[in-house]
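Note that chain A is present in both complexes that follow, paired respectively with chain B and with chain C.
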Partner chain A sequence: MSASLTMEKPWQRWLIRFGVFVAMVILVVPGAWVVLTAFRPNIEILARPAVWIPHQLTLRNFQGIFGLLTTQPGLPVVQYFINSLVISVTSTVVALAIGMMGGYAFARYRFRGKGALFLGFMLSRTVPGVALSLPLFIVWARIGLIDTELGLIIVYLAINVPFTIWLTDGFFRQIPVDLSEAAQIDGCTRWQAFWRVEFPLARAGLASAAIFAFLTSWNEFALASQLSRTTASKTLPVGLLDFTAQFNVDWAGMSALAVLIIIPALVLTFVVQKQLIAGLTFGGVKG
Partner chain B sequence: MKFLRSPRATPYLLLLPAIVVILAVVLVPLLVSFWTSFTGYTLTKPATLFQFVGLRNYQRLLGNADFWWAFARTIMFITIALNLELVLGLGLALLINKITWGQRTLRTIMMFPMMFSPILVGFQFKYLFNDAVGLVNNALFDLGLIHEPIAWLVEAGLANFSIIFAEMWMSTSVFAILLLAGLMALPKEPIEAARVDGCNAWQVFRHITLPFLMPFIYIALTIRSLDVARAYDMVKIMTNGGPAQRTELLWTLMTRVGYQNSQMGMANAMGYISIIVSIAFTVFYYRKLTSARAFMGGAQ
Partner chain C sequence: MANVSLKKVVKRYGREEVVHGIDLEVAHNEFVVLVGPSGCGKSTTLRMVAGLEDISDGLIEIGGRVVNALPPRSRNISMVFQSYALYPHMTVRENLGFGLKIAKQSDSEIKKRVDEAADILGLEPYMERLPQHLSGGQRQRVAMGRAIVRNPDVFLFDEPLSNLDAKLRGQMRVEIKKLHQRVKTTVIYVTHDQVEAMTLADRIVIMRDGYVEQVGTPSDVFDRPANVFVAGFIGSPPMNLLDAVVASAGGRPVGRLIDGVDVPLPGDVAVREGQEIVIGFRPESFAPRGYSLHGAENSLAMTRPVLIAEPLGTETILFAELGGREVQGKMLNPRVVKAGETLEFTLDLARLHVFDKASGKSLRG
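Up next is the complex of A and B:
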């Protein structure tokens, strides 16, 4: 790295730094502006000419969307939040269990139709959510799963399982088979060997698979918007769209809601950023 | 029954729940939608689910100008967005690779847009490009560059530009991060040897760096082609295909026909076409990926 740097002239080095700086500004400013808006009073947001430096910051927008202010009726944000949480957590836990079983089967067993099955799982991911929402709407309506949390949980399971299989397959492959075999020679059953040897070793990888699954469910919109109808199952992203449908767009309130959606994603992505990069790249290096 | 207890059954039993879930949520609904695409199914009249009309939905679509516009726009959107993201992502990765100090922090910043769900990205740019209160117009006003607000999300060209801009903001990082990882894995020796032999920077890039990066480029394109339809969320909140269908993509048109006009049969025919488009892009890039890998394998 340093060898290549010495070949650049100082002006080139500054040009590189400038280019990176501009790129970073473009990546950060839009999101930061929304976050800032969430804490600004509406007067400042609508002011003309524009107020660039905030004169005051407020939590009123958050109180507003939670219905704590008497002046405006709140959205059922608390209910949306609870729905989002219940749906995301449940589907993550179940998807992880199912995906782990599948990943273990692919990593440790040889069987007929293995390649075709794996391809089938991956192909199921190519179906765009919005295209899948049409037939799911028809089927779910017939069997009474429309507008239920269970209905969305099952759908998110199917979205998350293939990716979890892909990830866990990779994690289990990295653990030498000898370890489990040694444990079995020492008298463990295969089941015990899995829980005492392989599972603890794969735990970090499984945690990141769980976070991927959680974020996918937490952020999903296309399916949720069609399969939910009322507060019984509407999630936060669907709530955000409801907000824009109102006649007077409440930019401050929407920004507050946006912040509410982004916080868990921000924290979790930050926690798994290393695994996220590894997860993204290992397909490129190995295959 | 005997098979179920034999060790040969274990992998199948382990995979059973996953298979059941995919069957129930993906395969069966796809069969249902395949069937409905050959019927005149209307949501308001349940009996029409069994009214077989043959290829009528597909024929009507192929003769429909709105559909062809949306189709062409979708192909353009995917092609332009993926290629621009690739070029910009590659540029960004090359720049960051040159920076020795604070690379880790830069990479963390790059991940920032990846945390946003598409619906949030859509809202964010709906706000930024808003003609009355948006950051973009405000900045242009205060810099004295414009005196009348620009209707970013209304005029056809600008609206499509805004959508592609939002899409690129969301996904360029994916390319940058993947390609940066590729650059870091790049072996030093061939580059040094080429330098000694008198290659200039462009020649090194063209004949060593780029071929080495090709598998990374195609894995990034494959991953992206899988979830490019997530742009539906973004467009839905930004323009919802409007105004007057100026930004209509297959995905928005499909939901309009299916849910608002209740023409589920027609919508599912469109859904099938959109699925084929998605699979076509994925297969195209995946093939490129395998051949790039084979090429690298042969070269090493």
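Up next is the complex of A and C:
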């Protein structure tokens, strides 16, 4: 905003562009390297001195993952993918449903202990997930949730619900109470007023909350690697570990799978990008 | 028939009581305006009628039916909000038709009634626009259109004009009045603007701090304010209010002002000597000789230098000193007056207001 208001001199503009360029390089290069690695033979990847410009590109790494090569057995990627999808979608949908109700309640109703409860939710987000892995493991082992999809779904719900509440609270707060009241005078029940007026207006916010929740679950590695064992619950990020053997790591295969993991996330983000940006800026004004 | 009656209506927020047992009868098709300073409980009272706030105590009846426990949708009311509260994701047409759609009216019926309302309010050119692409005045119209479409028993307005500029406010005020003549309905209208109250109301309810101070027609509250508060609140510029003590001069009761001026009191006030009173007179009743509404008889003449003169075209507001205070007078069909000029003012004694200082109540019978 301020850039458009203040007149900058040409050298300032170039400085800004250069800064943006450096920042983008730092952000993009590791990702690009992974993508590049996914299409190169392992020999070239491990070559010393490093080969910067690839001599040959190949799809062998991907074929390897799906077991299309005779030289090595494939991985159960399809099962991992299904696990990831089931866990991410379920935890996102449930987190959104609970979070939306919670956020609405925080935004609209006054009740005892509201401030403390809200603070509590936010503080729960300050605990790094890994710190929970040992206690979680012990409890989950006791009640038999180790290596189950349900076990991971519950964990991701615990992570996503407070965040969704925080986000949707902000969005509902921005919608004037008058609108719901006007709808009620126009003949709606409180429930109808919510679905007909407040929900459509909060949709951008809910979409961004959904993406955040989905990506959190989709990408999560630390906890999933502790709590899943077999194809019964292993997710794609945990599947990456299959490429590490005792003495060597199949970087090419790992990169190829990483690319496969990124694609759905990218597609999803692009599809809802417009809503997401609207949502982020909309929520950003929250006081 | 949709009369509205409030019986000892109380509103408490937690332990704090903000509306203290209001009684009010609004007749069928009557236009009643609630007016009072900010925070006096006007909106709260209106919202209790609408069903948007719980009624802590007392009864509210609409059309003879107790509505205390009814949700807003079952009260057959419409409300125009100060913020207009138009649905941002719906076009003007959808905004207008929303209530009918919820009531499951047929599409043709909705179209007919929406078009009718659009016609009354001149909304046809904007029907397919979203509210964000309308000016303030247009939004205001849509809000009113949404209210009339449903053909309610009672219209509630909460400061509908306060977001408009002065000129538009004047125009819309006239339109609301026309609308009420055309669409006969019971109206309760909240404002803190006493001009709006005076011009629109059949009856005015003046509120302060959660109490009703006076209920009456505009001329009632203007000519016979029940107490000092109403006297000072209604009228612009406001009534001059001067402290005085009752004394006797020539066998007649007078109010002795702080600067020693004796103001003869009207015959119909019941006062005793030594009583502390407040004497009130409107700027219209205090004018230079020859430029006033009242004649010379039954008036008190005094010569005063003009402190400030505010020419307004058809009249000039003059500030002068009386009773140790600055008072305002109104010079009709004025000539040019300069500050510092000395004029002979006359004070119309027939239109004097006298209040008891302790209770604030009017002492005129």
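Everything below uses one rule, namely that the second predicted complex is superposed on the first by the 233 of 287 C-alpha atoms of A that agree within 3 Å, B and C clash if a C-alpha of one lies under 4 Å from a C-alpha of the other, contacts with A are read in each partner's own complex, and residues count from 1 in each chain.
Keep this in mind: contacts are C-beta pairs under 8 Å (C-beta built on N, C-alpha and C of every residue); 3 or more make two chains touch, one makes a residue touch a chain.
Just so it is clear, the model here is predicted, and its values are computed rather than measured.
Visitor: Just chain B (first), just chain C (second), both, or neither: which does A:Met24 touch?
Guide: first
Visitor: Based on the superposed arrangement, let me know which partner A:Phe199 touches: chain B (first), chain C (second), both, or neither?
Guide: In the superposition, A:Phe199 contacts neither chain B nor chain C.
Visitor: Thinking of the overlay built on chain A, is A:Trp33 touched by chain B (first), by chain C (second), by both, or by neither?
Guide: A:Trp33: touches chain B, not chain C.
Visitor: Return first, second, both or neither, reflecting whether A:Gly99 touches chain B, chain C, both chains, or no partner chain.
Guide: first
Visitor: Quick one: is A:Phe66 in contact with chain B, with chain C, with both, or with neither? Answer first, second, both or neither.
Guide: Once the two structures are laid over each other on A, A:Phe66 reaches no partner at all.
Visitor: So in the complex, the part of chain B that touches chain A is made up of which residues?
Guide: Against chain A, chain B makes touches at 8, 10-12, 14-15, 17-19, 21-22, 24-30, 32-33, 36, 41, 49, 91-92, 95-100, 106-120, 123-128, 130, 132-133, 135, 138-139, 141-142, 169, 173-174, 177-178, 181-182, 185, 188, 191-192, 215-216, 219-220, 223, 226, 229-230, 232-233, 236-237, 251, 254-255, 258-259, 264, 267-268, 271-272, 274-275, 278-279, 282, 289-290, 293.
Visitor: For the complex, give me every residue of chain C touching chain A.
Guide: 50-52, 71-73, 77-79, 81, 83, 85, 87-89, 98-99, 102-103, 146, 150
Visitor: Can you list the chain A residues touching chain C in their complex?
Guide: Per the touch definition, chain A meets chain C at residues 176, 178-179, 181-190, 192, 196-197, 200-201.
Visitor: Report the residues of chain A in contact with chain B in the complex, numbered from low to high.
Guide: 1-5, 8, 13, 16-17, 19-20, 23-24, 26-31, 33-34, 37, 45-46, 49-50, 52, 98-99, 101-102, 104-106, 109, 111, 114, 117, 120-121, 123-139, 154-155, 157-158, 161-162, 165, 215, 218-222, 225-226, 237, 240-241, 244, 251, 254-255, 258, 261-262, 265-266, 269-270, 273, 276-277, 280-281, 283-285, 287
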